Each structure stands twice: as structure tokens, then as C-alpha cells.
Amino acid sequence: MPGSVFLKRDPITLRTLEREDVPFLVENSNDPEMRPFTGHRLPDTTERIEATFFDEEGDGVSLLACVDGDPVGLVGLSPRSPTSRTVFGLTGVMEMGLWITPDAQGNGFGRKSAEALITYAFDDLRLHKISARVFDFNELSRALFEESLGFQHEGVQRDEIYLDGSYHDIHYYGLLDAEWSVDG
Amino acid sequence: MPGSVFLKRDPITLRTLEREDVPFLVENSNDPEMRPFTGHRLPDTTERIEATFFDEEGDGVSLLACVDGDPVGLVGLSPRSPTSRTVFGLTGVMEMGLWITPDAQGNGFGRKSAEALITYAFDDLRLHKISARVFDFNELSRALFEESLGFQHEGVQRDEIYLDGSYHDIHYYGLLDAEWSVDG
Amino acid sequence: MPGSVFLKRDPITLRTLEREDVPFLVENSNDPEMRPFTGHRLPDTTERIEATFFDEEGDGVSLLACVDGDPVGLVGLSPRSPTSRTVFGLTGVMEMGLWITPDAQGNGFGRKSAEALITYAFDDLRLHKISARVFDFNELSRALFEESLGFQHEGVQRDEIYLDGSYHDIHYYGLLDAEWSVDG
Amino acid sequence: MPGSVFLKRDPITLRTLEREDVPFLVENSNDPEMRPFTGHRLPDTTERIEATFFDEEGDGVSLLACVDGDPVGLVGLSPRSPTSRTVFGLTGVMEMGLWITPDAQGNGFGRKSAEALITYAFDDLRLHKISARVFDFNELSRALFEESLGFQHEGVQRDEIYLDGSYHDIHYYGLLDAEWSVDG
Amino acid sequence: MPGSVFLKRDPITLRTLEREDVPFLVENSNDPEMRPFTGHRLPDTTERIEATFFDEEGDGVSLLACVDGDPVGLVGLSPRSPTSRTVFGLTGVMEMGLWITPDAQGNGFGRKSAEALITYAFDDLRLHKISARVFDFNELSRALFEESLGFQHEGVQRDEIYLDGSYHDIHYYGLLDAEWSVDG
Amino acid sequence: MPGSVFLKRDPITLRTLEREDVPFLVENSNDPEMRPFTGHRLPDTTERIEATFFDEEGDGVSLLACVDGDPVGLVGLSPRSPTSRTVFGLTGVMEMGLWITPDAQGNGFGRKSAEALITYAFDDLRLHKISARVFDFNELSRALFEESLGFQHEGVQRDEIYLDGSYHDIHYYGLLDAEWSVDG
């Protein structure tokens, strides 16, 4: 049974992460099909995943995307810098992450989840900007950020990641508070 | 129930290690038949094995080789040096380890597991070289590395290990990124 | 007395950081003239600076730029991600940082220091890419990276930092191993 | 003032390392001329060197090579494995390391230091074998081990180290107790 | 359920100690009948026994002697000196300890357990000598070491122990690697 | 300046060890001539010696033997077992150690020091027995214990120590309270 509803955008509910959700996260984090998209490179045990989300969570936000009470993905916001003492920590910019399981894709769940999270981020967290990074081969996510959500394409970090035997670029996107509007 | 699938090469799945797998590791690490091949010399308690794989995991990779959901062995990659501050730490070389339980041997499981791990190591971890050490009496492993997997025989470390009442040589193998090709 | 020489590029020596250098770092990190360029936003005590460079050093490299035995600035390389378990940790990309004190600027010390560090990073640390971020108002650094050192301009992160009463862009640069050549 | 005499082989004395010797170690560990030979890749502060030799000394042996009371180099023996619980820990094999400062080379100091240390290792530590690794470009050390000291060349670990912009081989040597004889 | 099998000599299996075995150890360590033979003089709590075998295990070897899966005693090897930095640490000599519960005595279990442990110690741990101490009144153990196992009687340490109202001698035995042969 | 006088036997004073005496101990512990007699096998730094005598002293007694205020050797008593919880800890037996520097030998200083320490041990520490171990080649010490001090020769521990290229026996001596008489 997933956690409590924190945000809603029909048919999506974004719910608090609970220990019971860990198997869902472990399976998808390690899944060879999902890994290029979730950005995991090393095997993650249940204990490791639990530590990441429960013991070391830091200043970020993680929510489980659910439909009809079943998890379909994960969304979150994380600070741009590992330590809050640098110039990047206090500046009102967070980076957004998002994944939907393969068999739940194609239903607009990613878009709905993102819309709910972005609205929350600007309205409740006083953010000025949300950024996102997407690997070059992830065309679905690139289309989601650029076309569906209206993020600006701010640059291409060449050869930022080594995966599947070669270097890949990372596309960098940004959305300012003033640029955001959504109708539901 | 074993952990999540991380790599696949039919009929092998390489899965994340979980606490539930510890009895399998403890039994095989201590088994008098297996010890000469796994390289254990002293009795290892459950607690000791758990500490090795869960509390002190360091920078290595350990995966459980499974067939039809049942464990048949262990594969892994470990850094060549205990500390990353030495000249050996940043150089893109890791050492591969592998064992298959006696009653699962002879089915090509070791070869399949190794192929999946090697491809992952070169394609996702940006390694330049994978090395392996095999005791002289372990003819199956020597054949696996030299003939099946195409490792180069780089040297014989004379009398590197004392076992079963006398000294034995250790054969040292290496496989460079450019030397690796596998077809499935 | 500064630490031991680690890299040389006449008239610059890049030396190991020692506890004796902390007052120099503390002064410049807090200096109102320097802060917009070093990227510090909050007051840093001596203890905090010591912790950063000596107790929490992590996987980065920090070197004191000196001329005739006197410190004139700081250069360094840091991993793109706080933890090596993510997709960014094993990919051969590090971010370069550099500052020169105001009264030592204009002598090419920054360029010389950068050249020594970059050559070291590609030749000894097996890096594939060095990245750098520069605030939009820091024209000297932008010229240094783009014109003197040959970094590619990979993007403009709009409104990434709030400073001096308004948002500023951050310019993102990258230099691949194959793009680097220096003659002394 | 160097530490106490532990071993002698005229004109060399091998002395215990003391805190007063740390500046000598720090300077040579970081020296750009020496680093390819000492095997250091990252800057080492005084504190780091002190921790290595005094706080984390483990089971190894480190001695300062001196002539007329002045340090000219460092020799040592270290276990082949970071932990004594593995098959490599109890086997009577240690790895020898040795460096002489550039301006003291060419006087046979390395050979004399090695002879004293090897005799001690076999006669007092009950070792069965001493191994050594030498980078391919270090012809002086290769000649020392192969010709002067009588080590057997046991193999070439191809591309084991990345340095100065390319991969280099490491030559692996071994000397068994029964192979050692020295006359003074 | 006892731990994993580490050594076998029919009908004995020597198994790794697990936390589940602690009650068996606690009971026998404190038993008034057993204490003169196990060498305990002070009451030992469960916590104290656990600390001895699990938290402070040091460099020794402890194995549970079992018959048909049930524990009948304990065998072990311990270094002669608490610290490896003394002259006794590197010399290839360990001391053997052994006890069998009263109701399991008289079946040759002690002899079988000792034979398995001694063969392991000489063949896998590269020991040169195994020593043993036995109180003068423990005639069964004295017969076991001298007659059954072939240890040499090396001396009598007069009045080394005060027990049951008077001083007792301790007999000191030794077995060299070259003196050991067993047929099964 | 040596520490306070604790025991006297003309012309010897046995004085408390002070930090100022550490250089004397370090020099003699490491001295290649002395090491076979003091029983040290590995280099001992000043810090290590300080830790042994000041930070980890345990339950033993260590006194500096002095003549005319100058140190000529060291005497001590140590418990037979590393832990006081075993049968050997509470039994009134301690082991005596003693060394005199080479240039002070031949004056009866060892005998006088031993006599003062033994009398103290029986009279003030309620010991029942003092034991001593001497390497076979140390004829001076064997004569001292057997002939001058009246210890009983209780056994020969064959091949207990590896030194100078071969195994040596250790002679074991004991002196009971009732056997001790000295006239000054």
C-alpha cells in the first residue's frame, strides 16, 4: 500500500515514499532496460536504496507517482550542489528528476506528474528556476521537457556520460518561475 | 528470493546481492571443496560475510549469478588497490572474480556470467582493462579465461600461495577493452 | 612556508595545501571583492575552511598557485557528483575551479596554473573531459576559458545564481582530452 | 635528526621513520620528477603522509635509507593483500618498494638498501618470497631487480597504469628465499 | 542449526561459529565440571562470550566440533602473542585449544577434531609448529596429545596455575610440521 | 634525567620510566646488535615505543636500570596472558624480562637488577612464581637465570622462534617464592 497523497493531478497522485515502496524502487533502479534512463551505473541493494531515500535524503523531495493506488514512477527535486554552503545552494534553483516504468509509459503520466511537481515547486518552495538534464538518446524525455512542459534548452554538455560503450551528450534544460503556466 | 536483475545473458541473470543471499555465500565460502577455488583460508561467520558485502563494500561490484531464480555462483569486480590515492587507483583497471557451485558447473554458467559482467565493465564503467588471477591447479578457470573469454596470459607469479601443504603459482591474466568482443 | 611542489609551469608552482595556508584561503574566501568570483555566499570560519580542505577532501584535487614561494591563488578539480555510485561518478569528467587574488591578476598566472593542471588531469588522471562554470559578469574568466585555454562554450544556464540583488546566468564550458594542446 | 639504526649495510643505515622525517617524505612524494617512480598520482599533504606512515601503518615495514646520517631514500615491505583474512594474507609473500632521491642515485645506495632489507625479510620475518612491481619506463629499477638483486622476471602486466598521457606496462618480479644469496 | 562446514573428518564436522552457538559455549564455559579443563576462572556472561568470539576475534581460528549436526566441543588455534609486533608474532607457531563435553567424551571425537585442525594448520596456514598446554590433572588430554597425536613433551611449567586449593603444573607440548602424519 | 628511584641494590637504582627515557629505549630496541636479545623483530618508532610503555602499559611493571644516574638497561614483569579473564591471569605468575646495554655488560648489573626486582615481586606483589624465557643462543642470560639467580630449567620449547635465518629453541625457566633467597 503506497503512502499518503501529497499532490494530485488526475489521474495521478504523488504520494510520500514509504519503506514498503522500496522493492518497487530497487527493481526499477537495477533493471537493465531502465538503468540508462534512471542514471544508475552500479548495482544497488535494498539496503543501499533505503539509505538513499530514508537515511541520507538531504534537502531533496521524492514522491511516488501512482495511478489507482499503484506506483508507476518516481519524481523528485534535488539541490544543485552537495553542500548548502556554496553559492549554488541558496539560489532558488533545483533540479528535477522523473521516471515512469516502461509499461506505464504513453499515457501522459510523466507529464501530469511533472506538472503537479512544478506547480508545487514554484508555489510552495519559492523556487525561481527548475532545471533538468536528459541524456541525448532519451528522446521521450527531451520531448516532454521541451515541448510538453515548455522548458528552455540551455545547452549541450558534450560527452558528459559514458554508457553502453561510448560517450553521450547531456541536454540541459531550464524553466523559470515566470515561464510556467499550466491549465488542468 | 534473490535480489533484482541487474544484468542478463540467457539463461543467466546477474542479480543484486541481498541479506537473504548471505547463507548461500557463507556455505560456499567455508565449504572445504570450494575453498581452494574461492580463495578463503579462514572460517568466515555469517557476520563476517555480511560485513564484507554490506558494510565494507568499498568501490567494487558483486552480483549473484542465478538460473531460474536460484543462485549458482558469484561474480564481481574489485579495484586493484585498497586505496584510491595510489597510482593504481585511477587507472581504469579492475580485477574480476568468479565462482560457480560444483553441482552447477559444466553448463557454461561461468562463461555466460563472465561475458555479461565484462561487457558491462567496458561499456558502462569505462574500464580499460580487466585482470584475473587463477591458482595453477584450477584448470577449469584457466581454460575459461584463456580459451573461452580470450584473456591474455600475462605471467606466472611463482609460489604466491600456500595451500594444501605446498606452494602454488598464480597465473595472471589480462583483457584490454580493445580485445573484447562477444556475440550472443 | 608553502607546501611541496606538485606541478610546475614557470613562473608558477602548484603546491600541496598545508594547514599553514589556511589563513590565506580564509581571507580570500570571505573577501567581499573576491566572493562573487570564488562562489562563496556565507561567512566561512577557519574551522570550516579547514574541514573542507583537510577533513572532507573527498576525491578532488586542490593546489595552491605560488610565485616565488608566495601564494597567488587556488586551482582544483572536483568530481561532478558527491557520490561515486551515480552515473556521473565513473565517467571521466571533472570540474575545474580557479581563482587568483586581485593584486596578482593581469600577469598570466591564472592561465599558467590552468595549463599545468589541465595537462596533469588528462595525462595522469585519465580524464576524458574538464568542465568549468563561470558567472556572466566574470569576463576575465570567460576570456581565459574560451580564448586562452580553448574550452568550448556549451551553454548558458539562465538565472542560475542570485547575487548582488539580481539573478545572473552561468556559462558552461567543456574541454575534451582530444581538444587539448599546450606549448610551453 | 633521523631515527634509530635498524639495519646496516655500509655505507647505508636503514633507520626507523620518525615524525621529523615527514618533510623529506612529503617533498619527494610530491616532486614532479619523482612521482612517476614513487607511484603517487595525487597531491599528498603533510597530514596525509603522516597518517599513512604513523596512523595507518598496518602490517608493513618502512625504513629510511641514510648515508652519513642524511636521508637518501625509502625502502619498505607491504603485505600483498589489504586484509589478512584472504588467501593472500598468510602465505609468506610481501611486496618490496624502494626509491632513492635523484641526486643520490648512481652510488649503489638502492642496491645496498635492498640487500639489507631482503636479508632481514628472509632471515627474521620468515618470508618465502619477495615480489616487486616496476613501471616499464623505470629502467634503473628494472636493472636493479633483475641484474643486481637476482629477482626472476615473472610477467608483464600490460597497460596496468595510466601516466603521462598513455598506458604503461608493469613488470612483475619475484625472489624466493632459496634464490637469495648476498656477500658483503 | 550450527554454522557452515569448514573441515570434515568423519564423523566430525568442524563448523563456523555463529551467534546461535553462544548458549552452548556459555553453558560449557561456566560449567563447574568443565571449568578446570576449559581454563575459565571467572563467571562469563553471554555478552562476554559473544565479545570474545565475535567482536575481538583477532587472528585466531575457532571452530565448533559437531556430530550429526549437534555440537560436542570446541577447537581452536590462537597466536602465542597478543600483538604481531613482537618476536613471537611472525614465527609460524600457534597454540591449539580443544574441549569436548563430558557426555560426548570417550568416542574419539577430540582426536578426530584435532587431526582435522592440525592438518589444516600445517597445510593451509603455513604453520611450522603447533603447541599445547595441559594441566597436570587432565590425563585424558595429556594422553591425547602425547600418545594419540604424537606431540613432543617439551617441559613442565611448575606451579603455573592455582586451582581447587593448590598449585598445579602445566605440561607443555609441541608438534613440528615435519613430525605430523595422519592416515584416515 | 632519569625518573624517581623505585628500588635500589647498590650500585643499581631501578627508576620509574619517564618520557625522557624514550630515546634510550628506541635506540636499544632497534639496534641490530641488541634486537636478537630484546626480542624485537620490526622497526619501532618513538611513537610506537611511547604507546607501548605509556599508553598501553596494561598490568605490567617496567623499570629503568641505572648506575650513577645513567641508564644501563631495562627490567620488567608482565602477565602471562593478554587478558586477565583466563585461568593464567590470576594465578600469581608473572614473566620477567631484562636487558643490559652491550657496553654495560660484565659488571653484574643484570644480576643486581634482577635481584632487586625479584625480591620486590615476591615481597610486594604477592607473586608465587616468576618465569623467564631465553633464546638458546643467549648464553649470558641462560647462565644468569640458572646459575646466578637459581631459576629451575623447566623445559625447552623447540623451534619457537625464527631469527637470523633459522628456528631457535626457547629455554623456559621458573623460580618459586619458596626457592628465592638473596643476601645483599
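Letters A, B, C, D, E and F mark the chains in the order given here, with residues in each chain numbered from 1 onward.
One rule holds for everything that comes next: contacts are C-beta pairs under 8 Å (C-beta built on N, C-alpha and C of every residue); 3 or more make two chains touch, one makes a residue touch a chain.
What you are looking at is a predicted structure, and each value in this text was computed from that prediction instead of being measured.
Engineer: What chains do chain C and chain F have as common neighbours?
Structural biologist: In this structure, the chains that contact chain F and also chain C are D.
Engineer: What's the chain with its C-alpha centre farthest out from chain F?
Structural biologist: Result for max centroid distance from chain F is chain A.
Engineer: When the contact pairs of A-C are compared by residue number, which of E-F, A-B or D-F has over half in common?
Structural biologist: Answer for A-C: the repeating interface is E-F.
Engineer: Which chain pair shares more contacting C-beta pairs: E-F, or A-B?
Structural biologist: Answer to which pair has more contacts is E-F.
Engineer: Give me the C-alpha superposition rotation for chain A onto chain E, in degrees, nearest 5.
Structural biologist: In short, 125 degrees.
Engineer: Between chain C and chain D, tell me the centre distance in angstrom, where each centre is the average of that chain's C-alpha atoms.
Structural biologist: Inter-chain centre distance comes to 34 Å.
Engineer: Where the CA atoms of chain D average out and where those of chain E average out, how many Å apart are those spots?
Structural biologist: Whole-Å distance between the two chain centres: 40.
Engineer: Multi-chain contacts only, two chains or more: what residues does chain C have there?
Structural biologist: Where chain C meets two or more other chains at a single residue, that happens at 90-92, 125-126, 128.
Engineer: What are all the touching pairs of chains?
Structural biologist: A-B, A-C, B-C, B-D, B-E, C-D, D-E, D-F, E-F
Engineer: Applying the document's contact rule, which stretches of chain E touch chain D when the two form their complex?
Structural biologist: Checking each residue of chain E against chain D gives 59, 84, 90-92, 125-126, 128.
Engineer: Residue numbers of chain B touching chain E in their complex, please.
Structural biologist: Listed in rising order, the residues of chain B that touch chain E are 26-27, 29-32, 41-47, 162-165.
Engineer: Taking the complex as given, what residues does chain A use to touch chain C?
Structural biologist: 39-42, 44, 48, 80, 82, 85-93, 128-129, 131, 152, 154-163, 167, 172, 174, 176
Engineer: Which bits of chain B are touching chain A when the two form their complex?
Structural biologist: Going by the criterion above, the answer is residues 3-8, 15-19, 54, 61-63, 122-126.
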